[in-house]
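Look at the two complexes coming up: chain A is in both, with chain B in one and chain C in the other.
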Partner chain A sequence: MSPPAQIATAVRVADEASWGQLLRALAQTYDIWAPVAEKNRVILRCLSPDELDQVKLDAPPTLLPAKKVYRAPEETLLRFRKGEVEPLGNGQHPWALVGIHPCDLRAIQLLDRVYTGFFADERYSHRRQQNFLVVANCLQPFPHCFCTSFQSGPFARKEYDLAVTPLFGRHLVQAGSAAGEAFLRVLGLPETTGSELAELVAAQAQAEQAVTRKVNTDNLPRLLNMNVDHPVWDQIADRCLSCGACTAVCPTCYCFSVQDRLNLDLQSGERRMAWTSCLIMEFSRVALGHNPRHERVARVKQRLYHKFSYFNDQYGQFGCVGCGRCVDTCVAGIDPVEVLAQLRR
Partner chain B sequence: MQNLMTPRPAVIQRIRRQTADTLTYTLRFLEPEVQQAYRFSPGQFNEVSVFGVGEAPISISSAADTPDTFEHTVRAVGNVTAALARLMEGSQVGVRGPYGHGWPMQAMAGRNLLLIAGGIGLAPLRPVILEVMRHSDRYGSLEILYGARSPADLLFVDEYDVWTAHPQIRLLLSVDRLEPNPPPAVSFPGRDKGTDKAVEELIRRATVAVHRYDGRVGPVTVLFDQMMTLPAGTVVLTCGPEIMMKFVTLELMDRGFTCDQIYVSLERRMECGVAQCGHCQIGPLYVCKDGPVFNYKDVRYLPEAVF
Partner chain C sequence: MQESGRPRLAVYKLSSCAGCQLQILNVEDLLLDIAAAVEIAYFPMASRQMDPGPYDIGFVEGAVTSPEEIQRVKQARQQCRLLVALGSCAAFGGVPANKNRFAQRVVEQQVYQHPEVLNSVEARPVEHYVRLDATLRGCPIHPEEFLELVKGALIGATPRLPNYSLCLECRLRENACLFAQELCLGPITAAGCGALCPRLGRSCQGCRGPAEGVNLAGFARLLQEKGYERAIIQNQLGKYAAAAPGVALAMAALRWEEERR
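After this line comes the complex of A and B, so read on.
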């Protein structure tokens, strides 16, 4: 993570060839993680140097968001042998996240608050400091997007190294940090003197207007707190399957479980952390059996109240970035935009 | 690399039996510098690891100003606590902590204290009792209302004489029933060699406990009519099953206590202790970080009908 800088007004124009050159230059220093098409989905994965042409900048949201590279769906926390804890490196090569959407960038900033705000997780901080962020601005919203309601898109505002906007067959590149600026300078990509900045401003305005799904965030935490008994909660609890898919794909859902795995020698093993979900029945059950969120309606409420109310109390912002993944993924068709709108009816 | 969640090795120096399913472990960090640097406040908890089984949040039950050791009083009810119960003196466990906010020691200075505990809920309050005994000039009276399932389930019975000999301390007991509980579901094979003998011993202890018992029968709230502590100048600390604390707080309010003089210690599933795993959240609160001790006024209207 590079120090935040002023939003660059300097725009550089990269044609197809120099964009490829930029990616190859990045790949010399960093492992490249980027959205690529795989079967009928777009996923975020690490690319080998000869796959760089597969980077998709105008892809729909990746199946799993960027949180998976900061904390894998499952990873080893520590190893132990006969009660001794073995040190474990964080073993992450410097890496660049290329082509993430602005909403996912905002989600990383929210995860920063969770993982380093009250107590700093060294491994997360390390990975965060190692990364180089290339955000791809969105020109067209995808069917479930509502980023404008949370000011998290469709164009990135801050805390990226490079922002790229594919416009009329060119890549318009802006540096958002000292590291990004230095990188572009070394690459020798000249600043444009043409009308590209004006084009970008127009494109941003147009992209913002194209996002038509909206959440009215005025007094939203208060609205939720006044509607704990609203019938909509039972309605969605009746449909929810407690599968936890919405939390898995959510870029800001951060809950995890910890589990020990013992090797066959019964003396050594490892402690693993794995993503979990507040929608799963066992999530808050304690050893004696008491479960404060035994009822599904309580779990359904917990997730949405956390995103739109509790997260504000804890971290000063909404916990939703409007990426639309949960809507896209939910087999029961539960849509927070629709649920929140019902509270206002 | 030392991660936020890396435990340090600690040795079980002593194990004392409390009840059929509860043991008190005296622990000391293996590394002297870790033990030396370790400080906690009454009401805080540690995450205790039995490697290969897992980790559990457990309150500290010893006096806060004992520099060489610390104690956990643990009821064997889950995977980790049952595994702990199978360990012997000299065994090694992993410990990290202390975590959370404990009892409001500053607000308690110069006040009368009313402690209301149920079952294992007395464990995190024992540091307060020991603190009052060691620094009695700093506190007013200390009245303890303690309820357990049966006389054989009362914790720290061998300390009651010392507690009540102290001029400031008054102890009132209640049990749900006089009959002992059936033998516990978890056995301690490592310790209780020869199961028949172990069961015999438990029955003997239970019989003695009933014989000696001179407290009341009923929920802990039956003790309220014997209670001498008045609301003025009092701080109330309560820890026990949530349903007990619900009725305790209601009863206290009926008797003129205000919600801001009542403190409750809550139990939630916790897998990290550092406000990251998400399990312990109630509304906007992380029980591990913001609690486990809360002022009653801050948790009174939380979702999921805590109180």
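After this line comes the complex of A and C, so read on.
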């Protein structure tokens, strides 16, 4: 359990009316992206100002995570005509993400490492810069969550502008950045002197205990590297369908492919990017057709080794935030928690 | 190419419903637009004018189901520089290949009053007899993909058509997954249709055939674990792609495992 010192201590209490006011104030500066429930699913989408009452703070994980805001599943990067290139903008309006889960917040930080590091991605960086993040702490984890293993939830610790915890019919709001603090001041939401901080600490402890799925992360990269031939890999390769769904929904999977498309005049066209996945055959194919991951077992391993070993080598952190989406999604029932546990048996 | 300098295009029909050819006609306006780039030299369904080969690109629609069609598909191969399977019948046997599971005479008697006039063999995909240069999937094909292929041929580049699982496409479009309620073939079917059926709340019927590298045997086993009967699995997997590589093997493995138990 984390020491209470890690959460911001100043707490504001917003009732239904002032929470609505907060959202409307945000919407004046930002386009609001938030989880909404529609057509029997929960998705993250951009809301118009009159839809703000649809923001769902206690929703299960959105089908696609926040990465879709910074990099849509398919995007046009530039247009060309006979050697002339027309670059497209980086996206217009600044965005606020409201109600994202703590694990998804952590995932954004991991994506930052990837996209704004040595090979900086201009569009991604631009979109991240004009960003306001309102995280919604989880009181009740969902069946597949294992965020506590990576300290990415169920309560957020840092790198948010605002954190909101819906507790006993009120919204407890904390600022985690100068921008967040300034925003609350302008809004005129007073700091509470009541017992709310203590309530938050208790709620956090309770939520953490409710996350019962765990990954033992002790020496995990080493364990993986010593078990490249463990029978569990063939067992899951036998079940895995190579559909790639698990990587599509993963908040930290960042792989994409780039493709040029010609228009009918054969002179002009556009360059598009689309998310792709190491689970699919063509992903690792190189010129002249060789494919180092031709065998399914190599593709299955790539995903889990990337999350729990390679990402660590490169960035000193695990590449999984324990959101459970891949488990929800996999029709074959492949579960990293279970696979990693088997390695220790 | 002929004196016109435009690539000459031919469209052949074997055993099929003509739906894929119709898709070509649906984009004909656009086709003429490709800088009036192609010459439609042989397309009996669209035009009475039938110019003799050779052709630059030939599209074959339909499964090969008779000795006469075997000859025709071999001739098509000789006549065309590039030969393309047009749709799932040509690519994977399509709906016609469903008959292969039964004895020829039995199916013929079920359908025709005078089966003795028929001269029919097992329904095979084009590639069973001749080499193909490309495949357009779907029942029917997607007009966009047809255009991609023609554009690719015009500039001499291999078009990149989706050859990964439909689930990837379906998830990226944020459809609610139907698998828990229905037998959806999305996990093993090739993307490229925009996840049309799941988007409309219907499970994927597999009309685009198996994607490259997917686990057909594992999928058949999974369906069985979920409680589907072998006959149902066979019907679904075989609906549009009975003759696709791997389908028969996946079913054989299932039968074998069942008998072993």
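By definition in this document, the second predicted complex is superposed on the first by the 338 of 345 C-alpha atoms of A that agree within 3 Å, B and C clash if a C-alpha of one lies under 4 Å from a C-alpha of the other, contacts with A are read in each partner's own complex, and residues count from 1 in each chain.
To be clear about the criterion, a contact is a pair of C-beta atoms (placed from the backbone, for glycine too) under 8 Å apart; a residue touches a chain by one contact, two chains touch by 3 or more.
Since the model is a prediction, treat every value here as computed from it, not as a measurement.
By the touch criterion defined above, A:R345 lies against neither chain B nor chain C after alignment on the C-alpha atoms of chain A. Of the two partner chains placed by superposition, only chain B is touched by A:Y305; chain C is not. By the touch criterion defined above, A:V331 reaches chain C but does not reach chain B.
Using the contact criterion defined above for the overlaid structures, shared-chain residue A:S242 touches chain C, although it does not reach chain B. Contact with both chain B and chain C is seen for A:L266 once the two complexes are overlaid on the shared chain.
In the superposed model, A:L63 makes contact with chain C only, not with chain B. Set against each other, chain B and chain C differ in how many residues of chain A they touch, and the higher count belongs to B.
Touch criterion met: A:I43 reaches chain C, while chain B stays clear of it.
Across the superposed pair, chain B and chain C both touch chain A at residues 259, 262, 266, 276.
Residues of chain C that touch chain A in their complex: 30, 33-35, 37, 147-148, 151, 154-155, 160, 163-168, 170-177, 179, 186-188, 211-215, 218-219, 222.
Residues 77-78, 80, 83-85, 87-90, 114-115, 118-123, 228, 254-260, 262, 266-267, 269, 271, 273, 276, 278, 283-288, 290, 292-293, 298, 301-302, 305-306, 309-310, 313-314 of chain A are the ones that touch chain B when the two sit in their complex. Chain A meets chain C in the complex at residues 39-41, 43, 63-64, 73-74, 238-245, 248-249, 259, 261-262, 264-266, 274-277, 280-282, 294, 296, 299, 329, 331-332. Put simply, chain B touches chain A in their complex at residues 1-9, 49, 51-56, 77-79, 81, 92-94, 241-242, 267-269, 271-272, 274-284, 286, 289, 303-304, 306.
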